[in-house]
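Below, chain A partners chain B and then partners chain C, in two separate complexes.
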Partner chain A sequence: MTKILKKRHRKEKWFRRMGLISLALALLFLGVIFGDIFYKGYPAFLRTEIFVDSGRNDLLNPHAPYHFNKGIQWIIASDDVDMYMKHGHQGKLSQNQIQVLENLKKKDQIRLTFNWGFFTHSDSREPELAGIWGSLWGSLLTLIVTCLTAFPLGIGTALYLEEFAPKNRLTYLIEANINNLAAVPSIIFGLLGLVFFIHFMHLPRPSAVVGGLTLGLMSLPVIVVATRAALSSVPSSLKEAALGLGATPLQVLFHHVVPYALPGIMTGVILSFARALGETAPLLMIGMVAFIATPPSSFLDPATVLPVQIFNWSRSPELGFIENTSGAIIILLVMISFFNGIAILIRKKFES
Partner chain B sequence: MRFLWVERCVRLFFLLCAFGSVAVTIGIVASLIGEALRFFSRVSPIDFLFGLTWAPYTLPTGEVSGFGAIPLFTGTALITLVAMAVAIPCGTMIAVYLSEYATSSVRQIFKPLLETLAGIPTLVYGFFAATTLAPILREIAGFFQISIASESALNAGLVMGIMILPYMSSLCEDALHRLPTSLREGSMGLGATSSETIVRVLLPAAFPNLMAAFLLSLSRAIGETMIVVMAAGLAANLTFNPLEAVTTVTVQIVNLLTGEQEFDNAKTLAAFGLGFVLFILTLFLNILALYGIKRYKRIYG
Partner chain C sequence: MRNYREKFGVFWFFIFLSFFTQKTTAAPPLRIVGSSAVFPFAASVAEHFRYKTHEPTPIVEAIGTGAGVKLFCGSLKGPDAVITSRPFTIAEKKKCQTEDINFEEFTIGQDGLVLIQDKRDIPFSLTLNDLNLALAEKIFQDGACIKNTHKFWNTIGKEFPSYPIRVLGPAPTSGTYEVLIEKIVTSCGPHLRRDGAYIEAPANENLIVQKVLHTPQTIGIVTFSFYDQNKHRLNAFSVNGNFPSFESIQKRTYSLSRPLFLYIKTNDLSRHIARLNYVFEFLSQRANGEEGYLSEKGLIPLSPEEQETMLKRAQNLQMEIPS
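So, the complex of A and B:
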């Protein structure tokens, strides 16, 4: 008897351990991916500058003569020099050039400083001059369009379905429709955006408005599902009490139901916002992959967004761009974690 | 009376919102069908769905060749299979652990971490697969003297499996959570250990909901784009060896539509043919998961 019991207990222990191992694996991966991206990306926030008193244009970035003539003396080095200083990669540098660099090092005329340009410049063909400013603007404009379209429409739909809709076949059909839409791959929404906004409505191709509307279509069902879940958790006694006291249905809705469900709605909206912020595939469909070196100044200007910029950089063979890719991913992850963190906080605060 | 008027207006506004949302679905289906029909008027659906070579090309005479999508379907299936092989056991075990073993304070720590994993954009997973995991796999394969393609299905599949892991585990956890405590108490009262309760009572009881979770994750893996665009290959290989490079439906859609600006040739229209197939497939899986499974649900409590 005790033998069998021992065996069963051993089994129990192993089963429990398997669960822990699976969980540990997932978390290990989380750690590895964050560590890896950070390790590869942090040098992107540093850049090499050379103190220039006589022109060595071969060591400087191609736009250097312009700054040099203005009397600025610490000038951004070319990406080959940058890679040599950071990682010791020789790249295309000649022995002579490396000699010069070593001499500059001894004389303290070459330095690594914080790469402000990474935040203030837009995209460039030169990795040492490329930055994320333009794509951040693009992301902002795109997401404004998404917020203005998807959020009111989605929340309105959810309110209708949850509070007003008669329980009939049509309502059921609409519901089924939206539930299914929420699980459609994002790339399909890109195809829809391409056909509808660009070929049918002739909106300008890689613009923030098309990107925002496409992402809006993608977020819409997710927002509807999340909002409905929040609304259905409102106890019906609350509604009945308000109605019994003579409130109109609309007053019940806006004075009692919506405030009660607001944390849930906010969580859903913020999570779908964070998802739209990191979405790439549908934007590739509508031509946002183009190289754009100036930040968009209106919703109709050619624009790119941060994830697409990351995708573009990741396809470039130059080492400098691989570093930039990881650096931009760090920024993207920080922004997304920020929004997800807010959503988690809201939920925690109102759960208790 | 003014109130009534306002009530009506607001109600109308909400109704319009609902119809707007439905219009989106109809728009998707209509535009996909429209473009897919244009494609199928040039390439026969039989050749498309059952052809064995994918090398889309339009001859100057207007003839088309190489529109056989079978290699894309098998490629998608292969990568998805690898992903599910990672996600199903791990996801179920994580769900079991969090729902049955973990104390609430442990859950409070680990659930947000899993949500963080779920919040990482797939682009980042793709970049990780292409730049970090691929060289590691090559090293490992080199150690065992096996040849592995740098854009192997194994690489993309593994990372995709980890991407759907948090999604799967949260769906499975919900399924387990919904079971009444009386089931657990009954089983344990008869002397079963926790693991015996889970394996023999809880998992079978939650089986329809677990199946739904698997199907939803499957549909997500099939439609996933960025991981495969960055980590899987472009050449269509008809193979079931996970160490070789394969391409997928989504990779080809991106590939066909990002280069070309012209809209009126069979090659770009093929993207809509593929999109249509993808849409139907994921729709079928979702409907099966959300409604089909309902028939087999047992009601407890």
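So, the complex of A and C:
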């Protein structure tokens, strides 16, 4: 008897240990990834500036001549200088230039400051001038389009399917298909967007509209599935009580079922938008992989989004773009965790 | 009261929307598509073009030479210019003609393919023939084409180290691959090895550099600008006795060098003068000179004579515009 009991206890202990080990492993991987990104990315938030009177144009960024005589005191240094100041890479600097830099250091005419440009500039081919402003706007516009299409369509579909649709073979087929669509790789939606929105509807090629519609298509099935799960968790006694008191089906739906299911619905919706925010693959298919240095001012303007910006920078030869890439990843991670945080808050708020 | 507020909400929402959808009055930006090898340079020129002319920054898309030309010759409304790492083929020219697209070709610089290895590995020098023996899918031996079975560099030449043949290079969809085929594969079929000796990397040359640095005894093939940026940790191989450098590529004594091209549409140029201005910026001394910003980025500038020829070509186009 005690033997069996011992065996059972041992089993439970082992199970707990396995769980702990897998948790530790997962945390380790996460730590390594985050550590690597933060270690590589934090220099992106610093930049080297040189005092305007230093008299050496070869150490400044290649666009500096356009901005002389504008009362600027400190000018952003070229990426070679930046790399030398941050990591000591000699790169393409000559011995003479390094001598000059050391002299400037002694005279305090060169400094490392916070890189505001990383947030206020748009894309550039010069790593010291490149920033995420343009792609951030692009992401925002794209996400607005995604919201406007996927939210009403997804919720509407789910409400109809769950509450009103007759249960027959057709609706069953549709249901199965929606569940399948939720698992389709995102790049397929990119192909769909390319064929339908660009080749068929002739919408402008790298624009927020096309990107948003494509991402909307992608998040539609996920929203439908999440909403339906939330709706079906509403106890039927609630509905029956309302119906019994003489409410119409529509009143039951909007006065009782939807408010009850709202936390679940909102969580699903926000999570799928967070996914859309970080999505790259379908946008590659519809031509958003472009060098676009002016932030979009309308939905039809050429635009790119943050993840694609990261992809673009990761392919650039200049060493400075390596840290820019990681810096942009940090921003994206912060934004996505912000979204997920909102999802949690909403759930907490409506649940109480 | 509540209803009233809701209506206001809708009102504000539309105000918010119209803020985004207002039509911009400026001319649409130039659209340039094509080779990812030329992309860094074309984008640099696009940026300087904005500061100089105060026109919107051209949009540059790196989708590969083949796909770029397809878009360019697809319709008159397509991209204004295409950047390529090889000249148009006859078929592509025909395609453009059937769509009534007139175009002009400009050589905008030279590029070199550089074979790289980690600085800690033993350097050795190669010839085009060695590369053929190492990388071609079929090699010519004893009067017949046979399958390439070389596994180690020292089976090709006794003076080479006993490194396994492991070369990372561009994928077959890129113009760079076509140049490799043209330069190192002889009569036995236009393919590089597919048995793992030649590894196709996706169009991300930083990845090739990273992999070469992390796997010893591996060789990578990248374009000159990537080697130029990573000189402090990479060795370049000499090919046929010449090391890749600005000089050897410009004078074409380095065997794996190739010209890069820019094509613009010349239909109705008076309405699209920005296309020509973009070409002028590309050919300007500030960009394409010995100390220009493009050579800073790793493009090997045209020789002064070539530059003269190209400028003439652009000026002729400018002259033809009815004023």
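Here, the second predicted complex is superposed on the first by the 324 of 352 C-alpha atoms of A that agree within 3 Å, B and C clash if a C-alpha of one lies under 4 Å from a C-alpha of the other, contacts with A are read in each partner's own complex, and residues count from 1 in each chain.
Please note the rule applied: contacts are C-beta pairs under 8 Å (C-beta built on N, C-alpha and C of every residue); 3 or more make two chains touch, one makes a residue touch a chain.
All of these numbers come straight from a predicted model, not from anything done at the bench.
**Student:** For A:Pro249, is the partner it touches chain B (first), chain C (second), both, or none of the two (neither)?
**Tutor:** Touch status of A:Pro249: first partner only.
**Student:** Comparing chain C with chain B, which touches more residues belonging to chain A?
**Tutor:** After superposition, B is the partner touching more of chain A.
**Student:** Applying the document's definition of touch, where does A:Thr280 land relative to chain B and chain C: first, second, both, or neither?
**Tutor:** Touch status of A:Thr280: first partner only.
**Student:** So in the superposed three-chain picture, is A:Ser94 touching just chain B, just chain C, both, or none of them (first/second/both/neither)?
**Tutor:** The answer is neither, since A:Ser94 touches no partner chain.
**Student:** After the superposition on A, what does A:Ser233 contact: first (chain B), second (chain C), both or neither?
**Tutor:** After superposition on chain A, A:Ser233 lies in contact with neither partner.
**Student:** Have a look at where A:Thr120 lands relative to chain B and chain C in the superposition and call it first, second, both or neither.
**Tutor:** Once the two structures are laid over each other on A, A:Thr120 reaches no partner at all.
**Student:** Touch test for A:Tyr160: chain B only (first), chain C only (second), both, or neither?
**Tutor:** In the superposed model, A:Tyr160 contacts chain B only, not chain C.
**Student:** Is A:Arg16 touching anything from chain B or chain C once the two structures are fitted on A? First, second, both or neither.
**Tutor:** After superposition on chain A, A:Arg16 lies in contact with chain B alone.
**Student:** A:Ser316 contacts which: chain B (first), chain C (second), both, neither?
**Tutor:** The second partner, chain C, only.
**Student:** Figure out whether A:Ile178 sits in contact with chain B (first) or chain C (second), or with both, or with neither.
**Tutor:** Touch partner of A:Ile178: chain B, not chain C.
**Student:** Taking the two structures together, which residues of chain A meet both chain B and chain C?
**Tutor:** After superposing on chain A, chain A residues 287, 289, 314, 322 contact both chain B and chain C.
**Student:** Which bits of chain A are touching chain C when the two form their complex?
**Tutor:** Of all residues in chain A, those touching chain C are 62-63, 66, 89-92, 124-126, 141, 144, 206, 287, 289-294, 297-302, 314-319, 322.
**Student:** Enumerate the contact residues on chain C facing chain A in the complex.
**Tutor:** Touch residues, chain C against chain A: 20-24, 29, 36, 39-40, 42-44, 46-48, 50-51, 56-57, 59-63, 203-206, 225-226, 228-232, 293, 296-298.
**Student:** In the complex, go through chain B and note every residue touching chain A.
**Tutor:** 3-4, 6-7, 10-11, 13-18, 20-22, 24-25, 27-28, 31-32, 34-35, 89-91, 93-94, 96-98, 101, 110, 112-117, 119-125, 127-128, 130-132, 162, 165-166, 169, 193-196, 198-199, 216, 219-220, 222-226, 229-230, 250, 253-254, 257-258, 263, 271-272, 275, 278-279, 282-283, 286-287, 290-291
**Student:** Using the touch definition up top, name the residues of chain A that touch chain B in the complex.
**Tutor:** Listed in rising order, the residues are 8-9, 11-12, 15-16, 18-23, 25-27, 29-30, 33, 36-37, 40, 152-157, 159-161, 163-165, 174, 176-181, 183-189, 191-192, 194-196, 199-200, 217, 220-221, 224, 248-250, 271, 274-275, 278-281, 284-285, 287, 289, 307, 310-311, 314, 322, 325-326, 329, 332-333, 336-337, 340, 344.
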